[in-house]
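You will see subunit A twice below: alongside subunit B first, and alongside subunit C after that.
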Partner chain A sequence: MGASTSSLPAGELDRISIESGLSKQSVLTLYKRFLQLSTHRERDSGQYFLTKEDFLNIEELRLNPLGVRIIDAFFADAEVGEREKVYFYDFVKVLSHFRPINKNKPHLWNTREAKLRFAFTMYDLNKSETITKDEFKNILQMMIGANVSDEQVNSIADRTMREADKDNDGYITFQEFCHAMEKTDIEQKMSFHFLA
Partner chain B sequence: LQMVEFKWDEVEKIYIVALWLFAASISKLVFHNKSCTRFFPESSLLIIVGLVIGYFLVISNVDHHQFSLDWHSFFLYLLPPIIFDAGYFMPNRSFFQNWDSILVFAVVGTIFNTLTIGGSLLALSYSGLFTVPFNACEILLFSSLISAVDPVAVIAVFEEIQVNDFIFVNVFGEALFNDGVTVVLYELFKQFLEVDRIMPIDVAAGTGSFFLVAVGGLVVGLLFAVFVALLTKYSHGAIVLAPVFIFLVPYLGYLTAEALSLSPIIAIAVCGMAMKQYVKGNVTTTAANSVKYFTKILAQTSETAIFMFLGLSTLAFAHKWDTLFVVATVGFCILFRTVGVVAQCALLNRFRGKKFTKVDQFILSYGGLRGAIAYGLAVSMPDSIAAKQMFVTTTIAVIFFTVFLQGSTIRPLVNYLEIELKKDRKITMAESVYSKYSDYIISGIEDIAGQKGHSSLVHDFERFNNRVLCPLLMRDHARTPNFDATKIVRAYAKIIMDEALVETSAPSRKGSRKSGAHPALGHCSCPSTDNDDHLPDCTRRGVNMDMLYAAFSKMLDDKMDALRQELKNCGSSVGADQDIFDDYMEQLKHAPSLKTLHHPALSATRSDAAMRHHAAFAARSVSRHDSRRCRTEGGLAHIATPAGLEL
Partner chain C sequence: STIAASAMLLQFVVGLASLFYLPFIFSIVLLVIFLSATGLTLGIRKRIAHLLIAIFEWGSDVSESEEQVSESVGETREETAEEQPAPIRKRHSSSDLRIIKREHSELIDSKLLGQDVLKKKSTVSVLVDDSLDFISAGIESIIEDNVTSRFSAEQLPSWNLLSRTKYTFMHISPKLTILWILGFYFRYLILVPIRVCLFCVGMASMVFITSAVGYVPNKAVKKWLNRRAMLTSMRIFSRSFSSIVNFHDRHNRATQGGICVANHTSPMDVMILSCDNCYAMVGQKQGGILGFIQKSLSKAEHHIWFERSEAKDRMAVSNRMREHVEDPTKLPIIIFPEGTCINNTSVMMFKKGSFEISETIYPVAMKYDSRLGDAFWNSSKQSYGEYMWMMMTSWAITADVWYLPPMTRMEGEDSIAFARRVKKAIAKAGGLVDLEWDGALKREKVSNKLIALQQKLYFERLSTRTSMCSEITDDSIDILKNMSEDDRNQLFKCLDEADDDNAVIRKVSEFIPEVAALVTEAVKAEE
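== the complex of A and B ==
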């Protein structure tokens, strides 16, 4: 499915590799995967891109309770805006958030903040820069709603909001979110090592 | 006809054993204060107790051969409870996240240590410097048992230094599984001893049997875990029987594996780990708690017994002390462990996200303490080995060295190296939710990127667990398509309960304070902060006191009921200072820093401290219940103080 025959022009490869901090090998691996997923191609420039349907075609993602949210966050994070198309550059950019942090070679794209930012975006889809209780409850519902009563979800959401919302304005800003996650080992949780 | 006789002979042996255990427990109680545990890990204190008692037994000319440890008693009676306890209280989640490193350390590390230590000692023996000669097989037998890191000692020491979860689970997991590996190797070399010439085919067969034994043990363990889960599922007729099954079946698994020449240690450990989740869902809270306690009791008793034997035989055993051999053994043990750990970590770090830092590696190599199992294996060596005495003596020496020296110096060394210590903090709700949530994110991202990693393996297993295993093995399991929410709900319930406890104990504090401060005003301090139905008339005397008390007591009753409802729902034991924890990770998290005085250290060697806590908690809850009863009966005097009202 998709055009798996074309290859990435060398200049492009270098550029993306440098910008993202990924090794060329990783970039090529990702490109292969990108082509595997892509079913659309720009008519004029010949560039491939991904739409939401392409993501939804991934079987395992469909089964993931947060699957749809991840896809939405992917698009939101890539800042594609109106066009709803993810080009390879955007694809690499979002995925490189999950590169393990290398203390000796810090990179803009996989900082702790970038990782937290992705997580935050998943909650806050309307990009209002704040999470309301309802948005949080929504995610919670998606994750555990099948197992617990609505009341319990409500209480858990309530409780979590109260813990994180320092200034008690009913919203959680990105700063408050980061603060709540201060002690968590984000670097380990939101990384997977195959990206070097 | 004599009315009263002195029937000593009939009870002599068992009386002494019981007295022995009693003495050990008492002395542990005595030793269990801050000043002692500050310097020595718990297992070293046990050894000292053993020494003391051994000394008394020796000078009273008791026939110590009666109390010598033989293979039978050690392997069939004393060892299984310890291993089962370790398996049952294993923090499964952390274990599975680190399964690769744990298995590498346990298997590769142990084999490496065995071969190198044995090889070095053999090479050294060719120089003829040792007093007793031995051949290759014998020395390999010895080195296999001396390579085993002991889980008991590890837990004791690591509680003292409070390292982070990551290191703990690696060392503990390694200690647990390398027992299995050690025993397999030990049996292997024991068999080789009988054979006159060792051909390559034997070595190949040996290696093959190693895998067979280990994997076979695993399979047996899993089978019996399924068996006990099903038993508990269908045994609602007799709830009391459930704990019996929970103990007997793993033990049967142990014996079955032993009978089939598979690894019984791995079998019972795996059984304990696998069955915990299902069994807990199938029995009542009380039953689960009693299982917890009884496991600890058994394991603790066994351990105590083993260390006592160790102490006794130190004094009573006819030792063969060969200085060079002892020094060489100790030296090689430390050297090769360090080398092994460094090499393995270097290898593992290439493939792992979470890497082992230099300090981690130091802890791993220095924290490799030897303990009871090495001793048990040493004394059960065939007597036909000429060097057996020397081996046993050396084993005891190594155990003493590692437990006393390494055990007591590890903390200052770690402090010196400024390791990232465990921060004692309550896990917030946000973190609990986030933990689950990030697994799913990562899994999703991996699917997008087309790469499989660890977390999706865990994720897949969880899905499989929910879909297939839980409904099969657990009673009334709600259909959970994808996600196991129980952890989050349990975390939530725990947090709520802690708060509820604080709030329910607050009234008595606030009440007494207020009543002391303003007796004349009759100022009503309604203790429950979230109940806004503040009784309006309480400042005025002459109000109907009975109604007032009834209202207060109802409020408190509701609170109590809510608390007990939470208890029933989530099935975890409550207590601001907890009694026995669900797994060693929890125990480690709550092990207090040495600064807190009032909080006696929760010993990991299954000590009575846990019992004491439970007793204290039980006493508190009883008194709470009593006072509650008094309130409902309208006992005025009892209500006066909490309510803060003056009559």
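== the complex of A and C ==
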């Protein structure tokens, strides 16, 4: 019966639950899902891992205009990117950004800043810690496709840079990004209630 | 001490059993044969099913209370930031995520289909907002997506004492373990032998009686005999898996030929449907035992068995089926247009081939209740033999069958639209989710066309909601919306994919005078 019979060792479960702030049930649910998606297994340690193809197997993710970016986010960490394998720990780390914020039990991985940082890396393609106009145009084009002419994309990108770039240096830094998103309810947009 | 008690109990039971065992089994088999032949039922299976379900719920309550005790000692309960409405008292087990509320994906869908109300905002804030929503929807689909989850077996709210449906994280108390042991012995020592006997009897009766019936010269008598033989055999089969089937709306059954269409969950679908009505089966000619069975069946009645080479020729297949369907003396055909077994929470895309053969279709909806045994066959994970054994060692197979009134193809409706309409009706009757996904998708990739469509929808949304395009197009879109459906269709027929903005505006203004007025106004403003 394959993957469904393997389970997370109890020590791992505790460690991940504490580090991510997720409840044990949530971690197990994610583990089940992880096993469902994974098609590869490490030969020596027996650990399962995900590759880019595994993510691309999810049809809805492929349909999503920002799908490729989202997948990249899982490989954003330098180590993960190098080995090109997402282990369960890495999987949980990214997904725990989307845990709802609990004011009584703040956690490093799902603060408002952490969520904003995640959004920032969606835009910042080359991980330069700044968003340039071209990077913004990139995202725009992914969402709209070939339906809009280049000039229009350009003008929208210009407008955006003007609004967000306070010191007019042509780059949007993380602080400027946070400032621009002040009015947006990030907690509501980037949280899943079922990830407790 | 619990282990010692269980051992003593076992010895007692074994002693008793060996005395009465064989006579007991044989008498049950005889009783079943009698009931199947006459079409009566004692309702024993239903009563046992109720009892079992009551036991399961008691069992899960027991272990839940024990779990709560151990948890509150170990951890502090987490309060989430927002108030969640108190759920029905189900266990907070990790497997409850069978269909999570896809909030973010639903938000995106409603945005794309223009169903949300949004004040005109600046392009930038809309774009950034939307990009965040896309991101969240994408992450949501990583956690659960509609396609992958349809192909793995459905999750249960309480454990049904079958180790095959055990959760990876569940508190197993001693009470539950004893229950499980008792259940195990009951299933393997009492149920399985009875079932295996019944299966053999059913198989023998089906094959030999139909072969014998084949020699009867009188057509009417032959038909009647075949019907009795098949119904009896199928009922014996269904009892051999302890299937409890409820048939609804039996007045809609197909009686005079025609095509029946149903959703597919397991290889036993045909058996279950055949308990109530005789169908002509369709399939590929097999070798070996299966081939022998096919030949015997064909002696008494007309079934459609295709050679492997014939099966590839779609024209030949549909012609043969059409011939059969148009002959009122032949039995109705049963077809499963999804093409593969789905896990019975939804209905996937129906292939249009079956809908091209006849104008009238008799839809049938089937819904299995997986509490006593999951009938879903995941062909990529289990072989056929394994699957049959699993079925024999489950508690029971519970199913509901709804016969829907016959549906006819409407004027000008093409096969795809007809198939979709039938699928909707079946999904609605069975309480299943109606999905547009293709069952073959679980093996193939999505085309770029769908991605392009998604992008186009998003663009359309932006152009109506933001200040991105010129004023003219905004207002004319409003006018377009207020047009009658017929006028709009006519207008779209005039427009061409290759037209640029100016050409579109020109054509639209020719068609609608109000737009022409707008155009002249805008031209004046620019000057």
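Heads up, the rule we're going with is that the second predicted complex is superposed on the first by the 188 of 196 C-alpha atoms of A that agree within 3 Å, B and C clash if a C-alpha of one lies under 4 Å from a C-alpha of the other, contacts with A are read in each partner's own complex, and residues count from 1 in each chain.
FYI, contacts are C-beta pairs under 8 Å (C-beta built on N, C-alpha and C of every residue); 3 or more make two chains touch, one makes a residue touch a chain.
What you see is a predicted model; the values in this text were computed from it and never measured.
Once subunit A is used to superpose the two complexes, subunit B occupies space that clashes with subunit C.
Judged by the touch definition given at the top, the superposed model places A:Leu125 against neither subunit B nor subunit C.
Looking at the superposed arrangement, the partner reaching more residues of subunit A, out of subunit B and subunit C, is C. Of the two partner chains placed around the shared chain by superposition, neither subunit B nor subunit C is touched by A:Cys178.
In the superposition on chain A, A:Lys103 makes contact with subunit C only, while subunit B stays out of contact range. Note on the chain A alignment: of 130-138, 346-354, 418-426 or 436-444, the part of subunit C that runs into subunit B is 130-138. Residues 29-30, 33, 36-37, 55, 58, 60-61, 63-67, 70, 95, 98, 100, 118-119, 122, 139-140, 143-144, 146-148, 152, 156, 159-160, 163-164, 180-181, 183-184, 189-190, 192-195 of subunit A are contacted both by subunit B in one complex and by subunit C in the other. The part of subunit C that touches subunit A in the complex is made up of residues 78-82, 84, 92-95, 97, 100-101, 103-105, 122-125, 127-148, 152, 164, 168-169, 381-382, 437, 441, 445-446, 450-452, 454-456, 458-459, 462, 468.
Contact residues on subunit A toward subunit B in their complex (touch as defined above): 29-30, 33, 36-37, 55, 58, 60-61, 63-67, 70, 74, 95, 98, 100, 118-119, 122, 139-140, 143-144, 146-148, 152, 155-156, 159-160, 163-164, 180-181, 183-184, 188-195. Within the complex formed with subunit C, the residues of subunit A that make contact are 1-2, 4, 7-8, 23-26, 28-33, 36-37, 55, 57-67, 69-70, 95, 98, 100-105, 118-119, 122-123, 139-140, 143-148, 152, 156, 159-160, 163-164, 180-181, 183-184, 186, 189-190, 192-196. The residues of subunit B lying in touch with subunit A in their complex are 351-354, 423, 425, 428-431, 433-451, 453-456, 463, 478-486, 488-489, 492, 495-496.
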